[in-house]
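Quick notes on the structure that follows.
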């Protein structure tokens, strides 16, 4: 997946010289996960900028660049280090268009690795996309694999509004997939039915898509046909695709590795209850992380949802 | 309500000299809303500290004080200015206990005015409690009037863990209510059935409680008996009280003035769907703010939910 | 550090002024004009026609003098208290008023005016100026950026990050701090333990300049130099303009709670308009009729601006979701429809 | 600014050392001991027994010298790279290892050890030290706080806010910056445009001291003075200790991508342990057997620590919610029950 993202950045920078990259260690070393490898050599230090260690500074300065007409793509080293920039994002990046009634805009991308699964140090396994989905004026895309990662990132760079693009850490090196060579777009705000099914709808995104597909296979073995949806963007959220599916299946499991309370599983479950209540044959099952800090390596597996927990939740909806 | 909070602070500071206040303009002027009026005179500049304009600094330093055994009570001038401190809250205040497996703790309070209704400038009408409810390790209480404000604040100061206490701006001067003179506690994590009813459950808190009670009166006029619950804390959320009520009424309206997506109405609606699905006679109605910036004065009324919208939502549940 | 001074408080010259007589008169007219606006806005707030308002009386020289050093296409990112500077750079009084009335359209200056809507949060906006200036440099343009902020804002982490980025990347930006001695109730001595704000520049390897902020010539000279440096690719400068807000922090504030009448009176002696008037009079470049003419013109212009701002109808609730994205998203459209239904407008 | 130096790189003295011979030997032993730990941890990471590890080789003098200036009850707030300093102040090797193994219990030093778990986020923790020191002052205690951070951390807004609060409120805190020349791949020259980090102190009205960070005597002397100032109620000090990390940023990093072998070799000539050894030898206070004894003792102690850390069983999933609050909340208890049900353990 890292390679697909790298390719997208190459294509975007090659095609449009308004695109500039900023981040900690993105240039000389090509980033902690080598996602920006080779870009500084190709496009120079002026366009691929190694910044001081200051996340608010990176986002705030990139915001100014975007207002001035550039297309900055910011890398924050890990999701846990986006928080010092939260004020810039919520108070300015997401607001300048409304504040100026379209006179000024901030077409920029903020991308970062997120989520658990590699036993990283504290702060390196965050999955708090709900926070950004709750933040007006930004869009939030979550990559679930190389093809989607590339397509979402290119869509984000083209978008006239600020877009956050989240990349599951554990997929950087884990997933191989055919990715179209050319510049492909995955539209923002459109979910994808990745695996059709008829008994239960599994709504997932990002790192949880693969687990959900694995769960679907397990379920198939047990005679349960699961439809798996990749949301691809959590804001705006494509409720129509989810609702249409649940209206057919009558059952739903919603999956996200972030914390539970006021997380994305809450929103999706609430939407289903709102718009498909009379189709529901069983309560919507939420499979999520806990309302705890993500545990360190030795106990992380108790926190991050996996295929087994998703399959078990689906099975419960079948029993109800 | 400002007076009740002031009284609580007086009592806490008088009873326990570990309690110190920090914030912008809290001392000499007694704060923008005069909530801390007279406290610096009473307890001195060392315990009622006018700080530089630096929210991360205030929270981060107070956190250190709490770890050292003091009981800091921080005021952030408006909720919109808590964001520069968000990293301190999510990465440290809410985590030190878990990070050190109880060796170090941060018993501290972060209180601030929130919400709309007075036509304030941008950033002065935020209601993003969902963000803090989604943040592990902190508790989040929301005052709905003088008595509850006092009781929650005193409970928060006594709590062994960090507590955020939110105070609706528009109630500072608007509500008069008998408040017990002595130090009364409103326990954290316990909702209150403020008005019993049998047809529909209205779940609210903070600024929306009064609107919900008004809606209940309107509904009563229309022959609908609404039960109104004041959550009082949104984290931890007292789901049992909500579920018990919905199991009786079969209908629910959940109200919050914050943004809709992944907001508190999502969590409460999801909980009801999860635990009371078979009792539901109608979809849960969510009455919330929009996924927009809170509009400025001239259009604010379109954003902030009011009694009419709550009553209309309840009526819809009756029709279903 | 001694503040740069060109005009003594009594209007006599300490050094040669940076501009000729006509330009000096133009500066005087602008300061008077701005003060008329400020007093009008304060009065309107008292009448309930504006929400809160943050008056800048006393700070006219700092704002007008610095803005006068700019080219019309230079970027400006300023605060709620910097209406005079913003107006100098092309923002309209009526748009400034609209914001204070509580209407988002006040955030939209005429197309081509390179001034962002006033920053309400303290601190964050300085980074925006850094980004704006940086973008121009990357494009090979010689537009620069200026950002205005107060003494209180220097305590925010974003001030530090902005200064550091600007210096590390040699960004063409001017940091113009109006040290008006207070951040709401907090005197600058409790904001920082350093003797001056200007000296903070050294921490970033950037020049820092202290100027008498009530001396329009000194402010103009210092800013012009900083602008020239920036435009020449030599990077940022921090300017500390020592000044005083004569009025309250905002119309909701009572300065009597935290500062003495003596202090305010002493600063009134250093009023920037009086000072320039004394100089112009001594030069034979001022007479009462001329000033009255400015006042009348300003009053008329501002009345017209008020009328235009107040005439604007509140937008229809249908428009509530229109500002968030280039196109409203599906969830927003649903929310709008629900709102219109609730309002009986669908 | 010339860095304070007491020991020349060749081990000769530039000035009188701040400690006698026994204490110098104790410092040497501690540095050697710490290096044994560092190499062991690096090796364990390569064997997959630790998650990532951030080696401190080359920085022993900066950490041991500064920590030696503390009283055992002084607070310490340090980073992922400061194991040597933390150990000097009472944190156990086994707890440091546990954290790296990926076990929260590593964040819990023995009761009474006034050292917070290592900070993984860059910047935020300096404010915690300010709060700790401030609290002691409010209580009338003379405990002080010290905080360790790198050159990169000085770019974060929280560095600025911490320095400013400490100076404004005369907090007894020592800011100990180990300028090891890099923040991951970024050289300090791209982190800040100021010539030194020490000079940043002036922006806060605080003394700033530059010391040769590979000179354990200089570091100790400078820190002792700063600690004395703090303890006497005279407020904070910023110390910049010039040093170098000999190894990679963490075990996941390849320094060959961003720095030259020559540079690393030049710094190796300034190795803090070699330098002190040369001095001790010249004084007749060192012999090979003695050093071998230290090495053996350290190896044994650290093997024992490793064994204890690795012997600790993973906690039961039941305990997953136990760390968040004094008592788990109702939602957490429900989540725990659901987890145990899913694990078939309920």
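All chains are identified by letter, namely A, B, C and D, in their written order; residue positions are counted from 1 within each chain.
Everything that follows uses one rule, which is that a contact is a pair of C-beta atoms (placed from the backbone, for glycine too) under 8 Å apart; a residue touches a chain by one contact, two chains touch by 3 or more.
The shown structure was predicted, so the numbers you read here are calculated from the model rather than taken from an experiment.
With contact taken as defined at the outset, chain A and chain C are each touched by B, D.
Note on connectivity: the fewest steps through touching chains from chain B to chain D is 1. Ranked by how far their CA centres sit from the centre of chain B, the chains are topped by D.
Centre-to-centre spacing of chain A and chain B amounts to 30 Å, using the average Cα coordinate of each chain.
Centre-to-centre separation of chain B and chain C, using mean CA positions: 35 Å. Centre-to-centre spacing of chain C and chain D amounts to 44 Å, using the average Cα coordinate of each chain. Counting partner chains per residue, chain C has residues 104, 121, 124, 155-158, 161, 164, 168, 190-192, 323-324, 329, 331-332 touching two or more of them. For chain B, the set of residues that touch two or more other chains comprises 52, 54, 56-57, 80, 84, 87, 91, 98-99, 122-123, 136-137, 235, 237, 261, 291-293. Under the stated contact rule, the graph of chain-to-chain touches is complete, every pair of chains being in contact.
Touching chain D in their complex are the following residues of chain B: 20, 46-47, 49, 51-52, 54, 56-57, 60-70, 72, 84, 87-88, 91-92, 96-105, 136-137, 139, 160-161, 189, 235-240.
By the touch criterion stated above, chain D contacts chain C in their complex at residues 155-161, 164, 167-168, 190-195, 199-200, 202-206. If you check the complex, the residues on chain C that touch chain B are 51-52, 80, 99, 101-104, 120-124, 152-153, 155-158, 183-186, 190-192, 252-254, 257-258, 314-315, 317, 320-321, 323-324, 329, 331-332, 335-336, 339, 342-343. Those residues of chain A lying in contact with chain D across their complex are 24-25, 28-30, 32, 50, 52-57, 80-81, 84, 119-124, 260-261, 290-293, 295-300, 302-303, 308-309, 312. The touching residues of chain D, counted against chain B in their complex, run 75, 77, 104-105, 107-109, 111, 116-117, 121, 124-136, 138-139, 145, 157-158, 161-162, 164-165, 168-169, 323-326, 329-332.
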